[in-house]
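What follows is a single structure, written as structure tokens, with notes after it.
Should a chain be cited, it is by its letter among A, B, C and D, assigned in written order, with residues numbered from 1 in that chain.
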């Protein structure tokens, strides 16, 4: 029952906070970038953790539960939390309708953070789609610790690539692959990752958002004997380990399969324990 | 099972219409005046009828059923429907949030209209609160037929009086009485009504919105032998006679009490048949 | 072209969508063409005249409502003389819902109402408001069966038994009415609920309890329809919480042959037309030639494999 | 000052508000002070270890949700060693919910769990997911009574019987468990529902059926609490669809002595505190000196007379 939720001095490390919206702009035709003013709380978040957002009800879109969103960026200097999200259904539709100045009720920080600081010198992260939002803050945190990051970004087409500048600004190397250019196939990505491990000292694998990429990195991790983590998603009720709605299958230490809660034992898991889906 | 809903040439006289909001402005601190563009339908409404409004869902305010609103003004020339409403709960709160250009789904026209045209020469109407919204269009319609109207408006204080100018512009006489001035007591109103009947030829009584005023007019109607109508309210489901949620007690023709549907047999009823509440 | 016809025992409907008893009325003819729906189901008729429940009669929730209407009724003669004629103009079959205080009265009423223009008798053995504390025939398998048997003796019309959801084992009741000769089962009526006006320390409804209906009840009644479908062979007409074609598809897929749309008619008066069009569009999109192929089309969960590029 | 204490048989709670079993967890201690609530109710423990239901485990609606969690459990030893210690820091009494496949196993489990730190045993005879088709002990009065009797033999702790709402006559079950010696009744668990993933023609839940809970179920369960309150003398703890103090007041007024807040904890993690504060504020506003005066405070409807000036 480990929890990576950051514990600070306050008696209640996890809280509901009403955060004014600073910006909520389109990044491309299906993603928005939400910036919240969280100066008075909720800023003690770490890469890999998430917040549970109380998306408003508008018309037919009446989301009952909160919606989990990874922290895309924690800007402690300005007291801001940033999210990068794709509009897919009821909750994200009403989230997208938020205008600057309106307030959003967020609950968190929740879940287990990435654990890389003392474990590596060169992180190789491979992200597709929304996965990017989850992995991006690792590059920034790693950079501050002098850990090198190379991010392989996979997307449908070049215009679906996001955050290249932000990642570069953290000092990360960025390699982009896309379906439309025919560069995103598993074999192509495999070649890139092997190169990074064999020639650039890549010694920690991170992924999020794609089953095939997870399987690839599990295989390469085993082959080269290097550790790694994966951030997983599952539909959530409470977000804080109480309802057991968010379980996924994992390889049990003693063999066999067990269920673990993505919100509580995760969303970050050992890459080899995750069962691909 | 009479229905006064206006029948026009279309096969379906009652319809859902999406109407753009032209204006939705405050009249005082608790009332708003809603103007809809109904040029392409729903304009065949008559005084006393109502529309059933699909108030939007916003946040905690998720009104399941529609909300009945009397027609305050039918502006056939401009193709506009107007409503005057008080913000009291969930539905009227979200109604109040509508901005010009947004669309409102309205269903109607519904219910039985006032029936005064061939029955009188001088209408005396006594309205309190929201009742005013229901009675106002009678003055305009009566004016066009050369029937005189005197409207006695009752309110908490002079600043709660509404529509005096509009009523005067239809040619109606307006007498205002208020609690704060001490002029709105039943006895005071009784004196005014008696005066209008005895000295000004008042020969038809209309009321809406106050139980005491209803009782007063029933008594005076019986005493002077003059007819009249009352518009009643009740919580509604369907608005079109199907659910039987909106019944109120009435004096049955053969004696005793019966229930009638406000939306279908009403909302306009013979003033003597109504049971005060 | 999707064949939208469905067969409920010996009668064929042009499509599987009809209103729930008590949730349509003559007023609906002012809004839409009643020839478009699968059947017209009229409000329950009782042998005697009744005014119905004392107001207030409704409490509204976010996704449904509690109504305590009772069964206001002007009796069977009024039905035959004043209500049926309204529907004579339509080719749509009329389902006449009946309720009575005794088995014998059920039989007599059904006989009396088996007049030209009535195609089906639906036995409302489930109305939660008439009997004390919500107890009703439909809460007991044997009583339910007796009602159906008695009505079958007294009419040549198909008899649908409309069950109450306020039971432990709805499948057992369904089997009992099937054995008693019911031609179809309507599953189900509103569920008994109540509300308190806490400001005034009193019940919110004049009748204290009422029937809870609307979208929020769909998961419960859908489960019951599924249980009934696995227990009987006669057709099932689902009734509970449908607002859209998607919702109706749920009922059809768990084994219903048709559906009754209720409360949502009060909010969106042309909801039934949207459901008909939506079910047809779904069949077209999925390559089904007939809506009846949807009945019982739910299969066990497949292992879900996401299709993804690297 | 409003006296918020309530007495449930031999134990006194500092206020009438506690979580429903399975709707709180150690995580809540990171969000609020567990000393503020009336009791801590832990997730149901079974004698054996179980992983719970196959995902997907939830379907969301506008005003509630369908969850098929099953009872993931690491067994009673793990409970005593790993879970109970989390709550030792609080003065709040712990109610330990138990479930088992046989009467005998219920008894043994209750005995095993009657350890220091456990103040009450709540018998979950109602969980809809474990037994086939949702059948459960709680659907049968005699089986319910036997469970309670067996647990009473094996523990000196007060025993609360948590009923299932999936029954025809909940008052009869309540009377049976009262006669069997239950110290209080929790009314009730989630109602059995289901959903279909129509796009894929398959059940939406891995377990096919699940428990429907949340605000939309309140009118149904409130009605049951009222029926139970009229049938028994032991205290009743309401559980179903409460989101606000207003909702809790409904349960108290129909006859409950305390309430369990469930699903809404997942949406508003401090909902219980809002309910406590709201009930206290209501008492103050209405001039009640003690929250227990609310229990059964509903009276028949008064003839309503509006106060109006001319």
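Here is the rule we go by: a residue touches a chain if its C-beta (ideal position, glycine included) is under 8 Å from a C-beta of that chain, and two chains touch if they have at least 3 such contacts.
In this text, all values refer to a predicted model and were calculated from it rather than measured experimentally.
Novice: Ranking chain pairs by how many C-beta pairs touch, which one is first?
Specialist: C-D
Novice: Where centres are the averaged C-alpha coordinates, which chain has the largest centre distance to chain C?
Specialist: When every chain centre is compared against chain C, the largest gap points to A.
Novice: Return the distance between the CA-based centres of chain B and chain C, expressed in whole Å.
Specialist: For chain B versus chain C, the centre distance works out to 36 Å.
Novice: So the centre of each chain is just the mean of its C-alpha atoms; given that, what is the distance between chain A and chain C in Å?
Specialist: A distance of 48 Å separates the two centres.
Novice: How many angstrom between the C-alpha centroids of chain B and chain A?
Specialist: Between these chains, centre-to-centre, one finds 57 Å.
Novice: Where in chain B do residues touch two or more other chains at once?
Specialist: Residues 62 of chain B each touch two or more of the other chains.
Novice: Enumerate the residues of chain D that touch no fewer than two other chains.
Specialist: Residues 61-64.
Novice: Can you name the residues of chain B that touch chain C in the complex?
Specialist: 1, 3, 5, 11-16, 54, 62-66, 107, 234-235, 237-248, 257-259, 264
Novice: What does chain A use to touch chain B in their complex?
Specialist: Answer in residue numbers: 56-60, 62.
Novice: Please give the residue numbers of chain C that touch chain D in the complex, ascending.
Specialist: Listed in rising order, the residues of chain C that touch chain D are 59, 61-64, 66, 133-134, 139, 166-169, 191-196, 198, 200-203, 206, 209, 212, 215-217, 219-220, 222-223, 226-227, 246, 249-250, 253-254, 282, 297-302.
Novice: In the complex formed with chain A, which residues of chain D make contact?
Specialist: 22-28, 30-33, 51-52, 55-58, 60-65, 67, 69, 72, 82, 214, 263, 265-270
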